[in-house]
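One chain, chain A, links the two complexes that follow: it is found with chain B in the first and with chain C in the second.
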Partner chain A sequence: MWNVGSFLRVEKGFQMAEKSDSKPEITRRGFLSWVRAGWIAFTAAAATGSLSAFRFMFPNVLFEPPQIFKAGFPSEYADGMVDTRWKEKFRVWIVREGNLIYALRSVCTHLGCTPNWLSTEEKFKCPCHGSGFYISGINFEGPAPRPLERVRISLAEDGQILIDQTQIFQQEKGQWSNPESFLII
Partner chain B sequence: MKKLFTVKNTQIWKSIFRHGPPEDRRNRSLAVLANVFLHLHPVKVRSSSIRLRYTWCMGGLTFFLFLVLTVTGILLMFYYRPTVEYAYGDIIDLREQVPLGAMREIHRWGAHAMVISVWLHMFRVFMTGSYKPPREFNWVVGVLLLVLTLLLSFTGYLLPWDQLAMWAVTVGSNMARATPLMGTEGPGTALLVLGDVKLVHAGNDARFFLLAGRFVGAATLLRFYVLHCIAIPFVASILMAVHFWRIRKDGGISGPL
Partner chain C sequence: MIDSLKELINSISSPSFFLTLSIILLGVSLYFKQFWTRRSLGIAAAISGGLFLFSVTDENFREIVAKPDNLPIIALLFLVGFFTWLSLHLAFDNDRRKAAGEPILEKQETLPKTFVWPDLVYIEFIALIVCTVVLIVWSVLLKAPIEEPANPADSPPSTKAPWYFLGLQEMLVYFDPWIAGVVIPSIIVLGLMAIPYIDRDVKGSGYYSFRERRPQILVFLFGFSILWVFLIILGTFFRGPNWNFFGPYEFWDVHKVVLMNNVNLSEFIWVRGMGIGLPRNWLVREIFGIVLLLGYFAVPPYLLARGWFRSYYEKLGINRYLLMMFLLLSMLALPIKMYLLWIFNLKYIVSIPEYFFNI
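Our next item is the complex of A and B:
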């Protein structure tokens, strides 16, 4: 507050001087409203700057594999097999059982590691904490609390399988009955 | 002795040390107060507060380990490149191709030791009731420093870029999904929707902020490197200055009652 007081002392001098040469008067009220506007402008600028800096941490382009990709023709997939050809690049297995094809995310539902398909033991096994899943994706051992997730699967216009990882289907929510979560050929 | 006396009479010495030799109380106080590094420390301490059985010197050891980690960390930065191509190879080279290959081990074990000493320091402070007023604010600063220590540990974990690093950080950062309102799977996040559109999703939540992507990748390595080497030590240094200063301002190290 002392600087406002010292301003007041200055102001008295101003007023006396101004009566003689009639310059526009700086009143205490007017000065304080400028101070207020100044602080509002400063706060707004600082907030905008901080928000921009925060937004800076979220890039516009990700150098990650696309979430939607074509996975070849259904005839390329053998019956009763887990196909691991897309696992490394897209983290997806494609499983064919008879005329049913579905795509499982290779992400353990425990803490997100990548399980391995053990063909001799016919199960997905996670190396991090030992969760095990049947070929269907249902969990049966280890700490995983729920089955693996399916991703959207459909046929593209050229007859290839189209995988869309932006949409996932969870068995425990009854979403595996959704026709987009599997493919009948 | 005569020679030293001459050195102390030179203009250079006197320009650095403005006070006389610490032979009386005034000059002993000035020796501490006139030094930017020492002035964080109180001029006088109780005899009880230098009793090792009471303090375990754990705060001091933590600070010492921080200094060791800073020095060894800077040395490691001369060789390590935080890219997917080079990171793991550089870590191996630090052991095999660089003189004093133990430098990385000193950094690693020092980091483990610092986490342990921070916990022991907190344990001592808690058991002696030193968190009570007037020191309650400094306890809060200390808790923030604990969090920063753990974050330093966590970000440093990824830098070797081996399987352990990769999956440990995958697992660890998945916890950020459960952040309230800011993680995709956190409590309250489901309420943040505009019609059918989720406002907080895997592409903009707290985990994405940490990883700079939807999973641990090249951008994560660089981001953790910057956090580990610059951002977190910077904030920690400021908080440490506050922490030490407040010990002094809150009446020094607490003594036995």
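Our next item is the complex of A and C:
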């Protein structure tokens, strides 16, 4: 069993020994001024830290591709083909069907993975959860709830295709009838 | 001979087949207490070990199983099996003791007692050192599967979550991302936290018993072994490129084509059933699904409170009873939705893409 009595006696002796020690005494006022200085230093450090974290949100250089780019001349695109040359850099497919050209974002509408164009099966297939889309971008299999999104497409002054990813057209909102969402050549 | 056997196994393999099989196995094994003896552990180990060794001779099976990141999962599966057996073995043993009027295992006078210091602490220390050695040897022998730098514009054909999240990744196929990825995991966590408030039964506290805790153990094993462990197995070993399902001896072909023309409930009713087009208004379009969904969460609790679950309803009171029913029905919703998709190609019961609500 634990001997409570002896424990208390030892504690008492320890306190008395400390009191007789001639250490410099800490006054209440002195202690508070230290607390004040420490608190100011802590606040300053925390404020500097949060400011620099905020500054981190605005980097000097952005290694992102521009949202607006020129995608070559319409004659470079073969009929009935999905062109994957811009997928790596800009995450956009350009599809030509007859004289109709449109640009689809290569972002799955389920969870944002990058689908792949499977030319033999003639569909876009997302590897993450198996969503499938026709060449038109319409979803037909897997969990994706809505079609792929189109981006703005137009002809630049020099005759090249101009892709503007800042503007998105969603089929389920009826935006694919917007003349800016496709190109007739 | 062997090849045709593998062909047969591949052809009957499907998610619905395996899920049904595991549910039946769970039910049957809990019904017969002979499943939880030492002898049946030996038989089960021999069967599963033999099946595993037989399968390893297959090239396609070996390629998946022998992946460095899949090895720990195999080890874990055998451990899960063993510890499920151990706890149920002790529980059935205690039930037998109680029935025979003997003292239960935990109350036996002859139970050996050891001291925390030095016995337990030494064992823990040795276990710690052994684990460290195993981890170091493991990390030296099996290389981490590091691939090329990540590129957001390029998802490799076989894109998988870490193994412990594969159950979640499987759920994402059946529900809208924010429901499968946020709402359901939150319900799981909150539901686990709510267990001590719903189940205040002191029976089985401090000792193993099956007879006194049948429904609780059944719900636990269904939720853990089937809805968590089974989905991890499914995701690790049977989901290949493009999240397609592959049989155990099937080559993981990137170009495998599976007919998956999924149809929403609204299309089933409005287009195929009534022969008219989909209504424009989403509320009218989805009204059947919404009624079905509300009915699913409202009708069974009401009927069961007057029928089978009457004693629970009286014991728990209305609030705790409704909470329990909500959690149970949420848990059951996952396998129900899985079967609906696998059998009827039903994509979403309620599909409102306008408001990102797809169930």
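As a working rule, the second predicted complex is superposed on the first by the 127 of 185 C-alpha atoms of A that agree within 3 Å, B and C clash if a C-alpha of one lies under 4 Å from a C-alpha of the other, contacts with A are read in each partner's own complex, and residues count from 1 in each chain.
In this text, a contact is a pair of C-beta atoms (placed from the backbone, for glycine too) under 8 Å apart; a residue touches a chain by one contact, two chains touch by 3 or more.
All values reported here derive from a predicted model rather than from experimental measurement.
Colleague: More residues of chain A are touched by which chain, chain B or chain C?
Modeller: Residues of chain A touched, chain B against chain C: more for C.
Colleague: Tell me which partner A:Pro59 touches in the superposition: chain B (first), chain C (second), both or neither.
Modeller: A:Pro59: touches chain B, not chain C.
Colleague: What is the contact status of A:Gly132 with respect to chain B (first) and chain C (second): first, second, both, or neither?
Modeller: The answer is second: A:Gly132 touches chain C but not chain B.
Colleague: Quick one: is A:Glu76 in contact with chain B, with chain C, with both, or with neither? Answer first, second, both or neither.
Modeller: neither
Colleague: Touching A:Leu111, do we find chain B (first), chain C (second), both, or neither?
Modeller: A:Leu111 contacts both chain B and chain C.
Colleague: Considering only touches as defined above, state whether A:Glu25 meets chain B (first), chain C (second), both or neither.
Modeller: Touch status of A:Glu25: no partner.
Colleague: For chain A, what residues appear in both contact lists, the one with chain B and the one with chain C?
Modeller: On chain A, the overlap between the chain B and chain C contacts is residues 91, 111, 113, 127-128.
Colleague: Can you name the residues of chain A that touch chain C in the complex?
Modeller: So the residues of chain A touching chain C come out as 87-91, 106, 110-111, 113-116, 118, 120-121, 125-130, 132, 140-143, 145-146, 172-173.
Colleague: What part of chain C is in contact with chain A in the complex they form?
Modeller: Those residues of chain C that touch chain A are 151-159, 169, 172-177, 181, 241-244, 255, 257, 260-262, 347-348, 351, 353-354, 356, 358.
Colleague: Would you pull the chain B residues touching chain A in the complex into a rising list?
Modeller: Touch residues, chain B against chain A: 167, 170-171, 174, 203-204, 208-209, 212-215, 217-219.
Colleague: Provide the residue numbers of chain A that touch chain B in the complex, in ascending order.
Modeller: 57-59, 62-64, 91, 111-113, 127-128
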